[in-house]
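Look at the two complexes coming up: chain A is in both, with chain B in one and chain C in the other.
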Partner chain A sequence: MLTDFLQLTVAGLSQGSVYALLAVGLIAVYTVRHVINIAQGEFAMLAGLGSAWLAAAGMPLLLAILVAILSVTLVAIAMERLIIARVKKLTPLTSIILTLGVSTLLQAIMLLAWGPEAKGVPLFPGTNILIGGVSIRSQEFWMIGALVVVGGGIVLFYEKSRWGKALRACAEQPVAARIVGISPVTASVLAFAIAGFVGGVAGVVASPIYLSLWSGGVLLGLKGFVAAVLGGFVSFRAAIVGALLLGVIEAYVAGYVSSGLRDGAAFLILILVLVVRPQGLVLKPTAVRV
Partner chain B sequence: MTHATTPTLAGTRSLRTRFWANNKSTLIGCGVLVALMIVVPFTASSSVMNIVVFAMIFALPAIGLNLLMGLAGQVSLGQAAFFAIGAYTHAILLTKLDLPGPVAATVGVLAAMLVALLVGLPLMRLRGHYLALATLGLGFIVMIGVREWDVTGRTTGIYGISRPTVLGIPIDNSGFFLWFVTPFVVIGLILALNLTHSRAGRALSAVNDSELAAESLGVNTYALRLKVFVLSAGFAGLGGVFYAYQVAIVSPATAEFHLSVSILLMVVIGGLGSVWGAVAGAFLVQFLGEGMRDVIPAIFPGATGEVQLLGYGIVLILVILLLPGGLHQAATTLWQKLPFAGKRPPGDAHAHVPEDDTTIPQLPAVSTPVAAGEPILVLEGLSKRYGGVVAVNDVNLTVPAGSILGLIGPNGAGKTTCFNMISGALTPSEGTVTFLDQVISGRKPHVAAAHGLTRTFQNLQVFTSTDVVGNVYMGRYRKGSAGVLRGMLGLQSGEQSTHRAASYEILQSMKLSDAADDSASDLSFGKQRIMEVCRALAAEPALLLLDEPMAGLSGAEREVMAELLRRLRTAGLTIVLVEHDVAQVMSLADHVAVLDDGVLIAYGDPESVRNDPAVVVAYLGTDLDEAEAELNELEEHA
Partner chain C sequence: MKKSRLRFIAPIAVITALVLAGCSTSNLGGTAKDDPAAEAGPIKIGAVLDVTGVGASLGVPEQNTLTMLAKQLNDDGGIDGRDVELTIIDNQSTEDGAAKATSKLIESDKVDIIIGASRTGPSLAMRPIAEAAKIPMISVAANVAIVEGSKWVFKTAQNDVVVLERILDDAEAKGYTKLALVRDASGFGEGVAEYITDLGAERGITLVMTEAFEPSATDFTPQMTNVRGSDSDAVIIWGINPSAGLAQKAYVQLSVNKPVYHSHGISNQAFFDAAGDAANGVIAPMGRLLVADQLAADNTQREVIEQFQADYNAAYGEQPSGFAGHAFDAWHIAVNAIEAAGTDADALRGELESAQWTGISGVFQMTAKNHSGLDATALILAEAEDGRWNLLKD
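Coming up: the complex of A and B.
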């Protein structure tokens, strides 16, 4: 009984780590551009399918992963330069349509390049561990570890480094940020690069267990969105906690109720949160100025 | 009754000509569409026939989504969910309960609308991206639901749906089916077009320009958006009903995200807010999808599945980048370049009131339900705090009817915050606002407007997508009554022409009728301010709140404005104005209230306030004698 529970919790935490990385990417872009990037999940699928293909072609696993993550980061930057930056007045409406267009385009490219079947990156090196009847797969360590290192690194970057602080300043005070020498263009490119990078990392670490599929990005991105909403779209920490919570709840639903209903849980939570507490889990008073 | 002349003028034209003039383009368009649909089955190949039938089926959800995006300014990424709900309900009722077709179809449409209502009730309060992502989630929930539920046939879905029979004729081929679906599309099209031009449609387009201004003119944004959302789901549900008939199998694929994307693409290609565009978009996307499914496997050997998405993604991006108005924009631009397309003669639908500068301008009607001198607006213990900052602190004030109250104070004294709490744009931290014996504080601005309180804004809130008269016309919103249903049925032209005539008269009274047909955003700053006052007056309020009405006006314009305010007061209107021009306030107002640091420090007639030592110190921040000397000097300069 308890073993099952712990087993599900571990699975949920590892899956939640992937959602958390996607949420970090979504928030990074949202705080700077006020764009909710519907293509965020596609970054993960692109990296997963790309590295699986490179590895299958004989490239060493580590190199294949690095090349894939780097390429996806470049794709995200290209998306910002070629598409997002070209719109003068970005309303919520146009930004949704544009990023949806990019998402659809990336899906079609993945379908044409790698076909309709799901593919997985080979398992990362490591040994599975058995503690008190609970088996933890080494890949699950990799997933949680990716969140700790990459997610934690991004949070530290935002809170401690000069560039990170500048990005936050851009989000809060664009004019003031420009005065102290941060161009909004750089900030925007940097935000998309971060989104591409974390999306790519999430995609490759999840791929060995959960596989990558050309059309799987929308669902995955939405899970990240649910986590970001839990963080009020401003707080990385709250979003990461929300993502881990979401992963665990999903695992319980799949384990105790029905695996088919697993994906439904996320959206019921989403609608519940939007109804009850649209500002997310963070405590921050919002002021209206008329 | 000053505006009795114009409705009679319009009334002299026969009803039939007026109907033709108002609906010419709709009638011609529908005629062409019907003619095409009659001819197509005789000429088209079976593959083209197939595309046309699906285009007509998908035109319905596209029209619905277009209303939601164009009018309510909201995106749904789950239009396929409502489509699927309609299709499944219809199919289940037909196959499992053997209900007659019309009943099953009606229940199918209602089921889609009911789900939209339940989702929309909480979600339409949120702005921006939330509805889009919540509906995207809803799409997945519906897909998971139908896949897991026995009633919906899990992954196999519902099959064995028999074709309908109309007047004893079985609709058993594509030609008949096209003729079966066309009347419904045409009716849906006309209803949607009517809605766009109706009172509700104009209100929604005003909301997209400035939600704040529209609400303070009495528009209940939330309720209207919710209605449009439910309506758009109804259109999607109807599309699903026909889909179930045509395909005879309803599977979880009907709730697919990619279907929602293709419906969204139809709307984007056609142009947001253009109902005809949505229909054209439906055809284009169907042909594009079919073409891509043929072309792509030829270029990329072995490509299978949803390869048309490549085209969809590229087109979505390109349209937004290069032609944000879609086909509608392209068609309008093209039409204006044609040599015979002269500009529409100004004022064709209304009779101009002759311009005559020697006459005294007409006054807008003023309705004050309480006797002059009785309290009309009462503020009790009104406070607003932001965290530790107190913007307004315990203000108590009674405004007597039929007078002008000037509210003055240094920058940051809390004047506009006070205004926002009175009009409902802000909720007070403490205290109440009572207007005509009703507590209105803490409710939305449209509640205050419904009771007869309108306002203007310090930072102008102009409806930029319409002309000057259209702005003033929006002020008439609370005087009208036609709702979404009456608007869709087109039963409000009488009401519309009366209000349009009244709008021209109000512009005339402020010497703005020359600019009536100009785009509102082309006006000078001062003229826009005057237009805002006209708009507020058009609502025939009992209490008018003016936030810096003189700012940006020329000397002559100030005189016209001051004169108008005096005459309005004589006619019985109560006015509260915030103004920086202290001299103007002193000469206009019956009473003056002075705010400093959120506290009401003085109240009384202009003379006593001017001499109040606390006021002098508040304004100049120095000791009394020095201040008085400076004040005198300043007044001499002014």
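Coming up: the complex of A and C.
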């Protein structure tokens, strides 16, 4: 019994790590630009399909992954420069319509380029281990590790580094930030670059066991969105905790109730949070009210 | 506060609308002319396939096959001097997409016969529409419910019942008495547990647990954790790829360590792409296509299979899958019947009921009672090893 419980927990945490990375990307963009980026899930699929394609073409795995993540980061920056930055009056609604357009465009490109079938990046190096009947797949270490390193790195970046503090300043006091000389253009580009980067990382670490599919980004992006809502769309830490919680709850629902209800669980949580506690898991209100 | 809630709800509404957006159409024949004359002008064959969505690993090779065969036939002068016009519609692997596509083929394209769909669920959604319009339909999916009791519907994939008989015979011979089933939650997996219980009773085999997964699922830890905790001797995983391949991968990675059978739903390269090394040791009943090189030289299907492999490889640069084979058989059964009986719906239906065809998935003998036409001899048992199938038992 306990073995099963722990096994489901491991699966939930690794799946939750992917949601967490996507939530980090969504929040990074939202706090700076007040844009809800519907295309966040597509960043993951683009990186997954791109690296699978490069690896299949004979490129060493590590290089293929790096090239794919870097390319997706550039796609995100291009999206900011070519589309988001050109809109004079950006409301949440126009941002949703614009990013939805980008999401659909990216899906169409992936479908044309790589076809309708799911593809996977080769497994990363490592061995599966078995502790007390609980088996942990090597790829699950990579997924959780990616969250610790990349997600943790971005939290540290925001809290410790000069650039990170500047981004927070833009989010919390945009006018004051401008007065002290922080460029809103740079801040916006940086936010999108972070979104593309974490989306790309999430896509490549998940691809070996969950595969990448041209149309897979919508559902994945929505799960990241639920996690971001749990973080009140302002707090990385709360969103990461929320994402792990979401992954684990999904695994328990699938294991103990019915696998068909798995996706339903996420949306039930979303509705409950929005109705009962719109600030999510954030404990004390911050300056930014979403 | 109220406004902030709305902000979050808006994207969900927008995305839901996107997901539910309609299906796409591709016309691969000549120009669609409204030609009511029954026995003149081009012969119109419609196809509804799962080209995108969860059934893509089935629908894509089926689309390739039909497109290739239509071109071959027209290059050779068509049927009795009449061109064949093939219209393929992608149902996006959905039931409502399949139903809409079928109505469109019948009402606006005025097709003479319909091929499809790739999977059981969409095929079941098409059946009542074809029956109401009295248009013959040949499904390329597996579940026997597609044709059972139908006057107008036929199919070319091997029945799930004979596949299960093949698996259970092998399980009985190896002395397994308790089986666990992990099945596709869509139409393809419907009824499988009941068949195992019924067919197993006479072999002293009981089904001790059933787990289900959505064909779009990517994580199989919950199901495999439950299977690992069961007291079964062996496991049947019943699904199509990529989900069945991912399930197999999770099965091995979670150290379930029991012998495993799959259905004929995995007879394509996508299984090895998804499962990788975890595929080794899997036993599955399937048609002879994937083990053609290991068949006896005098096997009746060998010639047609090798010709199809050569043609498909020349056209698309890869080997055809078992699903391509189902489409190949459906096309030839349809074309042969049209050659013999013309395009009058009743005559065509009558001809299909006596169709005989030595094809890729087996030697078909349709009758008024049996609209599937294949028995257990259509299947062989094969074992996966390093990305290929080894023939165990013909």
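Note that in this section the second predicted complex is superposed on the first by the 283 of 290 C-alpha atoms of A that agree within 3 Å, B and C clash if a C-alpha of one lies under 4 Å from a C-alpha of the other, contacts with A are read in each partner's own complex, and residues count from 1 in each chain.
One rule holds for everything that comes next: a contact is a pair of C-beta atoms (placed from the backbone, for glycine too) under 8 Å apart; a residue touches a chain by one contact, two chains touch by 3 or more.
As the structure is a prediction and not an experimental result, all values here were calculated from the model.
Of the two partner chains placed around the shared chain by superposition, chain B and chain C are both touched by A:Pro116.
Of the two partner chains placed by superposition, A:Ala187 touches none, neither chain B nor chain C. After overlaying the two complexes on the shared chain, residue contacts for A:Ala76 are found with neither chain B nor chain C. Look at A:Val87: by the touch rule set out above, it reaches chain B but stays clear of chain C. By the touch criterion defined above, A:Ile96 lies against chain B and chain C together after alignment on the C-alpha atoms of chain A. With both structures placed on the common chain, the touch criterion links A:Leu106 to chain B but leaves chain C unconnected.
Of the two partner chains placed around the shared chain by superposition, neither chain B nor chain C is touched by A:Ala23. Legend: residue contacts after superposition of the two complexes on their common chain; A:Leu261 is shown touching chain B, with no touch to chain C.
By the touch criterion defined above, A:Ala227 reaches neither chain B nor chain C. Chain A residues in contact with chain B (one complex) as well as with chain C (other complex) are 36, 92-93, 96-97, 100, 104, 111, 115-116, 215, 218, 222, 225, 229, 258, 260, 270, 274-275, 278, 290. Chain A meets chain B in the complex at residues 36, 83, 86-87, 92-98, 100-109, 111-112, 115-116, 215, 218-219, 222, 225-226, 229, 258, 260-261, 263-264, 266-268, 270-271, 274-275, 278, 285, 287-288, 290. Here chain B touches chain A in the complex through residues 69, 73, 75, 77, 119, 122-123, 126-130, 132-134, 136-138, 140-141, 144-145, 147-148, 212, 257-258, 261, 264, 268, 272, 296, 300, 302-307, 309-310, 312-317, 320-321, 324, 386-387, 416, 420, 425-426, 457, going by the rule given at the top.
Chain contact summary for the complex, chain A toward chain C: residues 3-4, 7-8, 10-11, 15, 36, 38, 92-93, 96-97, 100, 104, 111, 115-120, 122-123, 128, 130, 135, 137, 209-211, 215, 218, 222, 225, 229, 233, 251, 254-256, 258-260, 262, 270, 274-275, 278, 289-290.
Contacts from chain C toward chain A in the complex involve residues 1, 4-5, 7-12, 14-15, 18-19, 51-53, 56-57, 59-60, 185, 211-214, 217-219, 221-223, 225-226, 228-229, 242, 246, 249-250, 253-255, 270, 273-274, 276.
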